[in-house]
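To keep things simple, chains are lettered A, B, C and D as they appear, and every chain counts its residues starting from 1.
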Amino acid sequence: MNALRIGLIGTGYMGKCHALAWNAVAPVFGDIERPRLAMLGEADEALAARRARELGFERATGDWRRLVADPGIDVISITTPNALHAEMAIAALKAGKHVWCEKPMAPSLAEAEAMHAAWRASGKVAVLGYNYIQNPLIRHIKATIDDGTIGTVNHVRIEMDEDFMADAATPFTPRSAASSGYGALDDFGVHALSLLFTLFGHVRRVFADMAKPYADRPLAAGGRRAVENHDAATMLADVEGGVRAVVQLNRAAWGRKGRIAVQIFGSKGAIVYDQERMNEAQLYVAEGPVAQQGYRTLLAGPAHKPYDRFIPAPGHSLGFNELKVIECRQLIARIAGETSVLIDFDDGLRMERALHAAAESFRAGRWIDVG
Amino acid sequence: MNALRIGLIGTGYMGKCHALAWNAVAPVFGDIERPRLAMLGEADEALAARRARELGFERATGDWRRLVADPGIDVISITTPNALHAEMAIAALKAGKHVWCEKPMAPSLAEAEAMHAAWRASGKVAVLGYNYIQNPLIRHIKATIDDGTIGTVNHVRIEMDEDFMADAATPFTPRSAASSGYGALDDFGVHALSLLFTLFGHVRRVFADMAKPYADRPLAAGGRRAVENHDAATMLADVEGGVRAVVQLNRAAWGRKGRIAVQIFGSKGAIVYDQERMNEAQLYVAEGPVAQQGYRTLLAGPAHKPYDRFIPAPGHSLGFNELKVIECRQLIARIAGETSVLIDFDDGLRMERALHAAAESFRAGRWIDVG
Amino acid sequence: MNALRIGLIGTGYMGKCHALAWNAVAPVFGDIERPRLAMLGEADEALAARRARELGFERATGDWRRLVADPGIDVISITTPNALHAEMAIAALKAGKHVWCEKPMAPSLAEAEAMHAAWRASGKVAVLGYNYIQNPLIRHIKATIDDGTIGTVNHVRIEMDEDFMADAATPFTPRSAASSGYGALDDFGVHALSLLFTLFGHVRRVFADMAKPYADRPLAAGGRRAVENHDAATMLADVEGGVRAVVQLNRAAWGRKGRIAVQIFGSKGAIVYDQERMNEAQLYVAEGPVAQQGYRTLLAGPAHKPYDRFIPAPGHSLGFNELKVIECRQLIARIAGETSVLIDFDDGLRMERALHAAAESFRAGRWIDVG
Amino acid sequence: MNALRIGLIGTGYMGKCHALAWNAVAPVFGDIERPRLAMLGEADEALAARRARELGFERATGDWRRLVADPGIDVISITTPNALHAEMAIAALKAGKHVWCEKPMAPSLAEAEAMHAAWRASGKVAVLGYNYIQNPLIRHIKATIDDGTIGTVNHVRIEMDEDFMADAATPFTPRSAASSGYGALDDFGVHALSLLFTLFGHVRRVFADMAKPYADRPLAAGGRRAVENHDAATMLADVEGGVRAVVQLNRAAWGRKGRIAVQIFGSKGAIVYDQERMNEAQLYVAEGPVAQQGYRTLLAGPAHKPYDRFIPAPGHSLGFNELKVIECRQLIARIAGETSVLIDFDDGLRMERALHAAAESFRAGRWIDVG
């Protein structure tokens, strides 16, 4: 395969993360042509030029449509705010580009469905940026489940918590407006669903509750404004394969910074994981003398592929950004028609349907089947 | 106050725990008359005599009614299987004895209400054995919440998990029969509710889901029998004071032995606790430089009263049995008309109403107000 | 065996601990005659009487010699300050009593040797209060080492740390005077040696370093006084069986409350333990797929005898005081001529010789063979 | 400053790590010219060409002397086996290149001194690859010490443990030969000294002990060969500023993968860190109510610079490789004459002198002053 030519739209949090991944993927893996960082799109020409220089892109533009239309680009990373995803992704797919879009697809289900339709029509690769599923330990957890080490899984708990909305004094921003979505449910819920999907399958039935830790927030200009969405949410879910899941989401949980705590219980053992300690997993297997049984802390190492591509020694810690490098390598494999683990627009859409069903459940106060 | 004269009915798990507490309470606290261990009741005379000798009781009987009727007894510890609580407690209260009954009150709400009525009529003290609330660190957590250290609490999570039902090969026992109750919901749920009540108040509204990890279990005589209750349950609850709670209960959670994991989130901080490490609590306070904030592990010590009555040095670990000694001291205080922290038949009944409402919610698939 | 008749001298920290153990040992184990708490000795009659009433002793005396001479006493718990051990233990042994003396034997080696000689002459049982070795998990660790699970042990680390001397503002007390001993070396070192001895054997060669975190301390009356011993010490030791040990002791280690952190490395695995989490041990066994290897957290439970005598359910936590109950049961077994795990005056003396050799090593700046 | 032109010699473990850092440093920091990856040197032309392509270098050579002589190179990363460092570094400095050499300097003190002399003569920058000191949390720990938060530090413990030599069945390799050095003492000891130096200063006096867990190892060709160096070592050290340190090093410690456990005790608090959880540090400050004191777990975040250059959100984990990116940025600063935290050939030489003094101490069985 010739070197892929990359376009990047957006250079915020995840935009930089994409840029770092495109820079690192070839030296890390050593088995692909180094992608050409062809063009960077930002809100205006000056910013675009500055960021291109910083991040190593050859060209820059203040008009994302020019980037999408450029014939010298094969793949487009879309890392702009969620509300812009649909328009950009659809345009990119129509222009015959592969798309790597940050999660979630879009605030509304209708937009997500339009993205899905555009993908179906395009014949191109379109995947979503669910990086947590790329952790070698998550891969290992999946393998451990699939080989029966913990028996048949019956129960899963996921908690995703951060604290960026925990301070009552944090002013009202668009994040608290209804237009940005349901709140924690879509902000965090998609990550939880990406793990459930990767490990077990899609959600079939859901019940949800949501909560507002703070009814209103201060306005910069003075006065207060009612918060329109929910910083905390709980989902009960029936998942394919007979797994029952409880998902708790809270972006107002003081002291939690990047917690994604997973507990998986099976008929022969259990697995526990927390993203805040992303280089550790805990495994319990009910075998051997009772006096010697216990949760075992696995430290990530070369035995957990592709950790070995980054570091030859165990226990030396991968970082968050490196998960995106793995995702990038998976995307390149997908484009080359090779096996890969990714969430495409099809599975992504199903996950977002589950979220919207959850929101409906909250309004109705009862269980909802996911269409 | 003269030395209390104690009767004990039942010498299983909690019966021995009561006996140890009655033996230890005077030397530990050093501020009360040593109770007289007057009479022990067991299933037959021989067993009763043996246990009385082992546990230090003066007299023994194979007929609990004789114990209840004995004029030389002031307080009766009832530690028999749940199905026997109501008859015994009612008889004891009618006989003018104070009652210390292990949790929960009874399998059916009707029986619990009858116990409550008997208590009201008796003028005696009647309390339930919720020992986890007696942990000095739980007291400290309550004080920390009450003094505003973590601001206004908005969200609480409790997980209670053990693994005694985790093995699919465990035979069908009465514990899996409908007659023993709902399963994890009442087996474990009352402990979770005891903590919620102690820290925040009673549950006002509840939604519940329950699950059977195993549909049936082997019979000793061959064949299999359908499991009639649920080894796992989840409750969403609105609690007095505006706290939202998520309670997860699982007695089939491999590797969990005595986990009661509590997470409390407030507007200024958070507190985390796990009964498996009952001498530790974690406190996060959102103050000072961000770079120096973090969850702080408090090790139980003399500063957490009444730890100091057991050990003068910090970090030396109280044990599970010692919580019952504290509960015993609280009971003696209650009988003496002094301030005490205990769950009496009134609050106990309200907690059991919440459980029955949860079961109704599961059947109905919707939220239920607790009467 | 008839009920043992107990005398207790001293009711401070460990005195109360002994009293609790004598009260609890029969109901906990259920297989022995309840000891009779015959007489308590304290500094004066009034205090002795008060404590006897609190702790459940029948008689009291302000003169310990009367207690030692009393024909109605079989065993004497000696829990007074270390400087008094020798005189009391020797008198008790001469009076034909069994002796249960708190550790260490005595500040000077000469006194310890005199105690040893008195014991040899007496034909009685004389053991020291090394309670940490009684933890069911320490027993389990020993069994795990002995059965070869971690192969041949080659390296051991022990850290014992508390912080009661960590505050520079803590006034000068006798604890900082040379007359009280070397400092951390004897204060803590004996505990570390008790673990080394229990698990591996005696120390044969030692090198030590000691440090004074604070050169002087304030006097209550004003002014300051030079600290005469060392709050921190390190010992390198060759232990019987070819084990190399590094022992670190610090009573000025802020935030450590009862830390006794043990790391044991063998040819096939490792074991880690920390007394601050006395219900947990960690076991690493180098077997099975590398990707599934890790330190396994064992939670104390009935499989670790005699935990089962205290609580029938795993993961429910024993406490520090309960270790003394186990030690008490061992003492009763020893008196009855049964198998027991205890440190008697012979092994205790060898341990104290190792400490004095360590002190000599520090002065000389070289390795010293333990005589 | 113009873009630096980089030469890299060696592409093993640390060679790849350097290559990843040179690729990432500009996009991560965004404030420097992207370095030009000019030439890569490996053992032969074919391998060099392949690695150059993988790692993104423009040119390749099988002869490191050509690389050193190339006028189109400004900085040379030397990541070859330790025995080659001296010759290459001296040649590079003589050729007027800046040198970034992996630790340690060289197996013998004479070589290290020659490297030092070449550096003094060159006027160029020459630094060593001590990446652990670049962790934002280590920087934060240093700042926390320097601002007095934990008072005056009096005692430090460092343990560095891995298990790559733990298996007795691991064959004899050059690592076990005397020619490769002392064993754990220099293999790991330099890392421990780099932390001591960064936080406190140089070692002034040292006592050491070393141990061989296995006396011999199997040879591939059959038979066994005596192990010539020591897989475990302990150093007691007096450090500048009055700090006493105990350093334990073990490359045969089963289950430890990248442990560098640091404990720092001061007059007002303590700090604890473990490289296996490199995104966490623990801080204890002896202030506020005793009941609320405890070790506080700090999770790395943007408040710990330059974490923010990698990820804008806290608690999302940096990785081991990213420490090298920070080191790379420090090197660029050093070359530009800006402030930087690095270990140059001067401090590096002093650290290696301490190691050789430790080895002498072991031989002599006494304390040795570091020259």
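As a working rule, a residue touches a chain if its C-beta (ideal position, glycine included) is under 8 Å from a C-beta of that chain, and two chains touch if they have at least 3 such contacts.
Source: prediction; values computed, not measured.
S.K.: Which chains contact both chain A and chain B?
M.R.: Touching chain A as well as chain B, we find C, D.
S.K.: If you average the Cα atoms per chain, which one ends up farthest from chain B?
M.R.: It is D whose centre lies farthest from that of chain B.
S.K.: If I rank A-C and B-C by number of C-beta contact pairs, which comes first?
M.R.: Here the pair linked by more C-beta pairs in contact is B-C.
S.K.: How big is the gap, in whole Å, between where the Cα atoms of chain C centre and where those of chain D centre?
M.R.: Computed from C-alpha means, the inter-chain centre distance equals 41 Å.
S.K.: If you average the Cα atoms of chain A and of chain C to get two centres, how far apart are those centres in Å?
M.R.: Here the centre of chain C sits 53 Å away from the centre of chain A.
S.K.: Measuring from the mean C-alpha position of chain B to the mean C-alpha position of chain C, what distance in angstrom results?
M.R.: 34
S.K.: Which residues belonging to chain C are in contact with no fewer than two other chains?
M.R.: Counting only residues that touch two or more other chains, chain C contributes 256, 293-295, 299, 301.
S.K.: Please give the residue numbers of chain A that touch chain B in the complex, ascending.
M.R.: Listed in rising order, the residues of chain A that touch chain B are 150-151, 154-155, 157, 159, 163, 166-168, 207, 209, 211, 213-214, 232, 234, 236, 244, 246, 248, 250, 252-256, 263, 265-270, 284, 286, 293-295, 365-367.
S.K.: Taking the complex as given, what residues does chain C use to touch chain B?
M.R.: 13, 16-17, 19-20, 23-24, 26-28, 30-31, 34, 54-56, 162, 164, 256-259, 276-280, 299, 301, 310-322
S.K.: Quick check: in the complex, which residue numbers of chain D touch chain B?
M.R.: 140, 144, 149, 282-283, 289-299, 301, 303-304
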